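In what follows, chain A forms one complex with chain B and a second complex with chain C.
Up next is the complex of A and B:
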């Protein structure tokens, strides 16, 4: 069984303090998104990170059953994905990077193109599907949604392009014999656990396992000289030019206010605080139940 | 004869009343360790002796009463305030210890903007004090990464240091006076004066005692004008740590006092600066602050020094400023890190040492290489220098490893202590100090004699004189 995981490297805007947003927003206004993101470190898209770890756990579980699994990981993006690809190589993935711009000669094009692709899900999906084909993947594993600005439609569009079924909101994947998987996902009416036969596309959602394991220095050293396969969109036979030209450009960025109103419960002792909490905030609600 | 657990609880209730004596088993178990054995709390696998009770005195008299009683009955007392200790200072080394939690003593006693000093009880979180003095346009100048959670009592007890230390100094440069209670119940107040030459500076018996000599109840610290509008940030990438140490030295010897002066090795830089530094880059950074003219002169002077090193490539100052603004660790980050460890079993640990300029690079190189060669499952081995002085600097080793084939409770013995012992060995060999700012705790106590050499006599005499029955935080600083 061959599993390919598509992932995206995104700016960690969550790490920015409110005060620094002004700077990011100004850079976005003046020079576009690519410039605004230079102030923040990069991270794996959160759902993609879960997908990568689920793939590793699936490989390990299959190995316990004596079943071989081929793992590949790919990303569509610029060279800022290199350290991430290196980490994945050390964890045992074959790695592929697709350059959506003009190739290594034009790093700026690449960054701009990668930024523009954020708002061109059909073009992204076409590239993702082409990668899955290129890698001979039985299972294409994706995060449900990319980074900031992600539409959440790429897994569906990629599945359509590949002509494969797509399971979304995946929370766990277990082996079920040599050629099948047992996939847990969240449906509208609750959690479901179903037997799935590849080829298929699985889009990982709020999985309990959300963090990628870390390779040791020795594992990193072992793959230091292993090159990452690189393709341009043209190499894969995908024309993203029109989509990129039409993709909306970012003109400004602003943080989403996620703060919630709060009440500080006071009291000299823990008992007094508990009483204040109960009398003032819980009692009426509990009685209304 | 030692008291039973029940008798200890009974005795404490008699002194403080039942409200101030916590005996909830769950709370006690969680308090048997601190960050040194934090995996025991993260994975809920506890193997340390469980304390008998946690007491929460509200004033120095109550502290004195409990200490006098414990001294009489030979009950081990572990002082605590913010609970952010990293070196086992809060760990129960012996069964039926009593944790004396000063966090209920949390009053800001006085802010005195004219004499530029503030007096607080030991349980005031540094962030609370900092926010209050900012209302006066002032700052404490103290900014350890644990600022949102650490309290003034613990910060003084550990000889802590903050990110702006190169300008403001460590806590020992900030404390002007304090109040502390000794095991025999003696309440001692050291008055607040700018300086005095009336014999040895007894503040230093208390600062850094880690709860092994006395309990700190009140502290007075200096205040400084807060002028963030003048802050200047400077940053460079460079290829090796040796050059980085050399630049730091030139800046210090040149007489400049940036508030922040740091050099990160490639491993550590990769954690913070991967958005602008290449994987093999070191990162050198500075922050200059203070009155406008001083901040400008400091930044200009540093710029001129680094300009003499063409191997350093300057980066936009905004990169450094944005990074810097997100450096402190509040409870949210601590919880997120715990969750990361729970899922990945990949653990981040740190060990800080100091040495003179001639030795620091050798210690860094030797310890780093040995750890990579000798310790299994290392996923990152790096570090940075973050506190510089005219005669040397510190090295803050920052490392990660996967916990493999052992239970979480064995992580300390299999990985952490062997790494510490390599760092300690390489440091001692070259005449450095094995602890720069986290305290000895119980983690590095086994090396206390090597650290002190012939001056151990003086240290030991403090212990035997002030705590002759050995009831203060057994195993901390002084191994059992």
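Up next is the complex of A and C:
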């Protein structure tokens, strides 16, 4: 069984200040938005990170049953993904990076194309599906959603392009014999567990396992000279320009005002504060539930 | 100059599961309050997917429109439902499809747009038609910003923001139901999922449906502090959640997390203990009817993001509060 995990490297949104968000909102285009967040540290998309760790745990569980599993990881984006790819190499993934722009000779094109993909899930999905084909993936594992657009449609659109079923909001994956998997996921009406078989697309949501393990120094040194395979969109037969032309056009972005009354409740002790809060604001509301 | 043709609008409701009532009311509320479509063709139709043996009246009871087209589809067969939708689009040629929030609506909307050359948008807060373009508002950047986007390629497939699940519109008392029997395949092929079994909700309460929610943040200070907060929440009969820093410190399981990388809750009452109020977290509770926050830092952003704020020790106040709630509920 060969599993390919697609991931996205994003700015850590929690590290941006209100002034930064105002700059992002005021930017005229994708390049301007990218500039506004350029100094912020990069992180794995949170659901992508969970997908990567679940893939490792699935490999380990299948190994306990004597079943081989091939792991690959890929991302669509620029060189800022390199440290993440090297970490994944150390953890045992075969790694692939797809440059959505003009290749290594055109860093500006890469940044612009990667930024434009933020709000173009169909274009992203076309590249993701091409990667899955390139890597011969039986299971395509993705985060449920992520990045600036956060549409949640990329797994379904990639599955559509591949002609595969897709299960989203996956919270756990376990082996079930040589060729099947038992997946837990959140359906519209609650949590569900079911059997599925490759080829399929699984999109990881709010999983109990959410953090990627850290490779040892020995593991890092073992792969320090192993290059990451790189392709351009054209190498994979994907015309990003056509897909981008079909994407919804972002006309404006605005900061969201979440302020409320902020009435201050006072009291000399915790008991007094709790009583003032309860009697003055909570008691009637709780009794009405 | 020729007047634009009236817009043909279709709502899509998956009635193979128990979310149909919630989704039907959400669709109705959006069609009433969220869509500014100008001239809509008479007779907005709801395509309802229901199990093969379902009673037509019961299956269509929560549909938001008078006219219903019933398609028989087994539960969890999105492949069959998508094929039926695509076939209906070939025949009817609707301009706009509206799907409720959630995995089913997202899959159907995305796949229908892909198959028909249309465009899909999720998390839709509102939409308006003008000059042949559909302009929509939705959250972007994990809720930090709000986006306005324009869709031109029809059919427009809109998946609603989960907030519409809270906005209610009563369905018509009666429906005109037409069975689309020709779209139910005699042999739907091998199902993508087997041995489907519902799981029990987490013992700490389902965060999405909780009416009373307590959230502990980094200010809880330790795993022991989080456990104290959880115990206080349990005594008050509240569901218990945490912020991302608590999960990152391994003080609580990730499935307890609210915020952009966790669950988006919509409780009637929410008590936040020891959280600073980062936007990514507040996004997860902003649909709460009432927010009370307790934190030692009176200058923390949460002070202005809550309806009421207590500058004090979060755990001590929470435990005193639990005593009061416990005493008054006996």
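Just so we're on the same page, the second predicted complex is superposed on the first by the 227 of 289 C-alpha atoms of A that agree within 3 Å, B and C clash if a C-alpha of one lies under 4 Å from a C-alpha of the other, contacts with A are read in each partner's own complex, and residues count from 1 in each chain.
In this section, contacts are C-beta pairs under 8 Å (C-beta built on N, C-alpha and C of every residue); 3 or more make two chains touch, one makes a residue touch a chain.
Remember, predicted model here, so these are calculated numbers, not experimental data.
Considering which of chain B and chain C touches more of chain A, the answer is C. Of the two partner chains placed by the overlay, chain B and chain C both lie in contact with A:209.
By the document's definition of touching, neither partner reaches A:232: not chain B, not chain C.
In the superposition on chain A, A:16 contacts both chain B and chain C.
Judged by the touch definition given at the top, the superposed model places A:80 against chain B, while chain C stays out of reach. In the superposition on chain A, A:217 contacts chain B only, with no contact to chain C. Judged by the touch definition given at the top, the superposed model places A:38 against chain B, while chain C stays out of reach.
In the superposition on chain A, A:271 makes contact with both chain B and chain C. Applying the stated contact rule after C-alpha superposition, one finds that A:258 touches chain C and leaves chain B untouched.
Put simply, chain A uses residues 16, 209-211, 271 to touch chain B in one complex and chain C in the other. Listed in rising order, the residues of chain A touching chain C in the complex are 13-14, 16, 21, 24-25, 46-47, 50, 119, 121-122, 148-153, 156-157, 160-161, 165-169, 171, 184-196, 200, 206-211, 246-256, 258-267, 270-271, 273-278, 280-283, 285-286, 288-289. Within the complex formed with chain A, the residues of chain B that make contact are 19, 270, 272-276, 279, 318-319, 321-322, 325-326, 339-340, 343-344, 346, 372, 377-381, 400-402. Remark: chain C residues 14, 17-19, 23, 76, 78-79, 102-107, 109-111, 113-115, 119-123, 135-136, 139-153, 192-201, 206, 211-212, 236, 244, 247-248, 253-255, 257, 260-263, 268-269, 271, 278-280, 282-283, 286, 289-292, 294, 298, 303-313, 316-321, 323-325, 328 touch chain A in the complex.
Residues 11, 15-17, 19-20, 23, 37-42, 80, 82-83, 86, 209-218, 269, 271 of chain A are the ones that touch chain B when the two sit in their complex.
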